[in-house]
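First chain A sits with chain B, and in the next complex the same chain sits with chain C.
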Partner chain A sequence: MVDEKVFALYLEALLKGNRSQCGQLVDRLLEADIDIKDLYTGLFQDSLYRVGELWENNTISVATEHVATAITEGLLSRLYPRIFAAEHCGKKAVISCVANEWHQIGGKMVADIFELNGWDTDFIGANTPVDDLVRHIDLVGPDVLGLSLSLYSNMEVLLQTIATIRSHFHELHIFCGGQAFRWGGLEKLRQITGTEYIPSLHVLEQTLVN
Partner chain B sequence: MVSAKDDIRRSPAKQLMEKLQEATIGCHKRLESLPYFSTLIEHTLPLTCYVHQLQALAIIHGVFESEIIVAEHGPVRRIWRDSMKKLPLLLEDLAFFRPRHRAMHSHILDLAGDMSDRIRRLRLEHPPALLGYLYVLEGSTLGNSMHQPDISTTFHLPQLHGCRYYSSYRQQVHERWRDFSRAMNDTLTDEDSHAPIITAALEAFAELEKIYQALYPLRQQNGAPNASGRIRQINPEAGNHPMPGDERETAAALRASTRVWHEFPYYAHRFGERGRRFSDSDTCWLATLSQLDQESVNRQTAWLSRLLAARGMPSVMLEHALDALCEELTGVLPAARSSYEKLGTAAAGLRAARQKWIPQERCRELCEKFDRQIGTTLAEEHKKTALLLVSAVADEYNGIKGTVARLVTWMTEKNRFSDLFLTAVKKTLSDAENIADHKSPKE
Partner chain C sequence: MKTLQTNRQIDRLLIDYVMCEAAVIALVINASGKIEQTNAHMDRLAGGSVVGRSFAAQIIDFHDTFDIDKYLPASERPFLFNIKTHHGLPQTYYFHFHRLLDDKILAIGQQDAGETENMRSTLVGLNNELNNLTRQLQKKTAALERLDAQKNQFFGIAAHDIRQPLSVIKMFSEFLDTETTEQLSSSHREFLGYIRKSALLMEDILNDFLDFSVFEAGQLTLHKSPTDITPWLAQAVLPSSMLASQKGVEIVVTPPNDGSLLFIDTSKMAQVVNNLLGNALKFSHSGDRIVVELFFSDTEIVLSVQDQGPGISRENQQRLFEPFVRLHAAPRLSEKSSGLGLAIVKKIVTAHGGRVWVESEPGQGATFFVALPRTDPATPAGNVNKDRLTNKNQVSTLLRKKAIDNSQEPPAPKSVLPQ
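Right after this comes the complex of A and B.
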């Protein structure tokens, strides 16, 4: 678990764009043998959720939001040697953002949680047109497709994407998540068979373990 | 000061700008030899090709200039200057031609959109590579200054009207290029950082080559532009969001945006032309919501109203935009009235949320009192200021924190408004807060 004081210090450094202080705090947590998954959920995810709220409330600028995201992405890559060392379980996942969705860090963190649990994971990234996604799924043959959505205004694009994917791959299990769902969309998502809402990285972790 | 040791260390290696020049010289020659430029030099380039070029570049610069200012990379921040922005010049040129040339070519829109998407992706995945694009876009100022007289002659342009982009930096073009070159070389001394920037510059040239090939000779259009093309035509800086499928709906949305823009002069005073472009593109997006079920329309508009209120646009502005949109859309396509009325219902929801804190009658009293206090002339110039204040108070009570502060900070700037106006703003705000304080909202 991440201590509240450490979280507050980290968030403050993140909002100030202080990359080295963020790095030092993460290093200290790693030295204290924090579970990587706790680091993802208790530090990276929660701080970015807070950054997103501050942007929505116009408390911080879009530039500050981008800096915070970039710092977090840098810190994630520091952890890759540990993440990719997990023993493989033979399952595959494809993680993507839908077309028009440029916020990719949430999807990246989801992909890392899959990797930590031994899945082979392809993270396709931001703004993926549905045709490209269909081709990639056809090529890879994943057990799960994960779709990440940050902006609620893209909800219809997500639902259309799922409909297209479903028409090509009837059995594919689809996970959806992201900050957009705070504003709604769950009722419609739940009407689509084989689609599951994953509210947090912690729940994703539980789902994969079980 | 550069030491001798530094000189020795640097001398064997080529600096970044030299490498960029060597790597891209072939691309530059190929671009300049395209028919677009040869016909321009012969003064036979059709005006429509030139206007399409300005539109394509407005899209590219719109995206590039909004991405580079948020790029998280030290050298990018040190090299970029706001004075490098070309979008304002391009928009000025487009406004000059607008009465005659508004439509955009779908294929060129798509190509400009592709290049914009590449820029967005680079900012996410490798921000320093944006400097490769910047090298190409800044380098264009050199060629532009050579071609500007051809543009003026070919299209009989008075002074610099319609060719502000081609004459950016004016007499300082070579000096600005030297400054840019120095900044690039001095900032990016690590040779390992050069390769991605050069690759990006080559990519930028390749993308531009595709666009200039398409610009002349201009192919006949194959269908209308897609949604992202149409939105970029309205607002080059807008993201890719849904657009109405029917041109009549787009026109109706733009009329609704204009109505609200005039209804609240605050919009123009505070947010200027850029705000106007976002108002237009946002209203087009709002029109697409009519295709959703009522619950989704309500949620989407509630989401947007919070975003806007927190940015100094109280929810009453969106409420009026939705009402205007519903009217305009129903006027052009009455058969789809039931769809469009969902927007009116969403507006009614926002209105009810506002009026549960400050009822309509009390709101009207405050507005009339405010207008009497500031006098007829100011009341006309700052129409509906009191309504904005009342709405901001209601938004705040509805949990959108900071709405009042975002509005009032601007409305109480002493160098902008008279004492009379400031006093009226403060009094209205205080009265509205008193009413809301004593109001128990109906559930």
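Right after this comes the complex of A and C.
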């Protein structure tokens, strides 16, 4: 687990855009042999949730939020040698953001949690048009498709994307997650069979382990 | 008088600049919160005029609690608001609100140059870091590719060089077996049999290594020709059916109900059939049956090989076609293999533009499917194929149904072995 004091120091550095201090704190945690999953949920996810709240409350600017996200993405790439070293189980997942959704870090972290659990994961990234997504799914043949949504204003795009995917791949298991669902959309999502809502990286981790 | 005129001129120029060119937001808001006047920068952000709209509707307000009176009277501290933009990405502005004489409000918003500069330097730093990481990654990839090529070369050379002494072992053990039958005891002849069997097994493994090294090196060349599926399948099954009969296993082939020609490399596809049958045989017991069937769709012909072995769990099915993976229940010692048979199947089928998959439940046997396109895949593919988009289980179910629907009387299974 991430100590509260370390978390506060990291968040402060993140909001100031102090990339090197954030890196040093993460390095120290890694030296102390922290579990990568704890790092993801206890540091990266929670700090970005806090950044998101501060942005929503008009306490920090878009620029500060983008810097925090960019610093976190940079730190994630430092962990890839550990993430991709996991023994693979042969299952495949495709993770993507829908069209017009530019917040990709949540989806990236989801893809990494899959990799940590031995799945081969394709992360397609931000603002993916549905036709590109259909072609990629056809090419890869995943067991699971994960769709990440940060902005509630894109909820309709998400639901349309799921409808299109479902018309092509009748039995593909789809799950969705992201901060957008804090503002609604769950009822509509639950009406679509074979579609699941995963509220957090922790729940995803538990689902994959079980 | 002149100074006054100059000051008015400066005021006019400044107002024109703010209204037409400056990268600041200037709005006049009436008592009911509607925007009465905007400058060009605001119009550019919104993608058109926002006159007549509510100011609250132009900002992102997650809590829906915006009340402009909270920000009056004018404070020295600016207030942060995120403005909606026509391209969907909000931008942060720091606002000052001033009450005007007629109860209207002047709102002036600007961006923080320091924040923008901080973001720029962070992004430049991150970009440099990522470029360096990409460079290191490319170097490592190049080194790994060289290592992989060396591995394939080693594979091929090792397999080739071992084949020569192995041929000698095979030849002389056969010679001893035939020429010294009278002089050897029964146990000695049994030992000779072990030597011959082991040599044959090792030869199969070496052949797999050689094939795989060729495929991995990207040197798989197909010599495709239009092939009548019926006689070809009967021929392709024969070598395995001989082995099956020795083991007391029956290979049953359902005669195909379509005289279609398939565009295949007959030798390589025969290897596919034999690898699948070899795999099925490994996990079959005396008295078991292996059923070989063909199904037809408009776009594909599907070959299936069904065994009565121990079956494969769903998790393990995913990894079956990877090289050196042995996930089945253990085969007999005498039936050890290279672990490359199914990987070779996948390579050959994929090179034909086809696909391969397995359906199985633990304890209920396994069925391997090979789907080959009816047309030469060298022809440019069209849009996404609907058949391929459906679940593979559905494909097999549909194909089964189709095969039965297409024939008035379902054909009786026929063994290729002499009865």
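In the analysis below, the second predicted complex is superposed on the first by the 210 of 210 C-alpha atoms of A that agree within 3 Å, B and C clash if a C-alpha of one lies under 4 Å from a C-alpha of the other, contacts with A are read in each partner's own complex, and residues count from 1 in each chain.
Simple rule for what comes next: a residue touches a chain if its C-beta (ideal position, glycine included) is under 8 Å from a C-beta of that chain, and two chains touch if they have at least 3 such contacts.
The shown structure was predicted, so the numbers you read here are calculated from the model rather than taken from an experiment.
Visitor: Taking chain A as the common reference, can chain B and chain C both be placed on it without clashing, or not? Answer clash or fit.
Guide: Overlaying the two complexes on chain A (C-alpha atoms) leaves chain C and chain B clashing.
Visitor: With the two complexes superposed on chain A, say which partner A:134 touches: chain B (first), chain C (second), both, or neither.
Guide: second
Visitor: Once chain A of both complexes is superposed, is A:206 in touch with chain B (first), chain C (second), both, or neither?
Guide: neither
Visitor: For A:59, is the partner it touches chain B (first), chain C (second), both, or none of the two (neither)?
Guide: A:59: touches chain B and chain C.
Visitor: Check the residue A:91 against both partner chains and state whether it touches chain B (first), chain C (second), both, or neither.
Guide: So A:91 only meets chain C here.
Visitor: By the touch definition at the top of the document, which applies to A:71: first (chain B), second (chain C), both, or neither?
Guide: In the superposition, A:71 contacts both chain B and chain C.
Visitor: With both complexes superposed on chain A, which partner does A:168 reach: first (chain B), second (chain C), both or neither?
Guide: In the superposed model, A:168 contacts chain C only, not chain B.
Visitor: Chain B clashes with which stretch of chain C: 58-66, 202-210 or 274-282?
Guide: The overlap with chain B comes from chain C residues 58-66.
Visitor: Let me check the overlay on chain A: which residues of chain A are in contact with chain B and also with chain C?
Guide: Overlap of chain B and chain C footprints on chain A: residues 17, 56-59, 62-63, 66-67, 70-71, 100, 102, 183.
Visitor: If you look only at chain B, which of its residues touch chain A in the complex?
Guide: 69-73, 117, 120-121, 124-125, 127, 239-242, 285, 292, 295-296, 299-300, 302-304, 306-307, 310-312, 400-402, 406
Visitor: Spell out the residues on chain A that touch chain C in their complex, using ranges where they run on.
Guide: On the chain A side, the touching residues are 17, 19, 55-64, 66-67, 70-71, 73-74, 77, 88-92, 100, 102, 134-135, 138, 143, 168-172, 183.
Visitor: Can you check the complex and tell me which residues of chain A touch chain B?
Guide: 17, 56-59, 62-63, 66-67, 69-71, 99-100, 102, 104, 125-127, 152-157, 183-185, 187-188
Visitor: Going by the contact rule at the top, pick out the chain C residues touching chain A in the complex.
Guide: 62-63, 79-82, 88-92, 112, 115-116, 118-119, 122-123, 125-126, 129-130, 133, 315-319, 322, 384, 386, 388-391, 393-394
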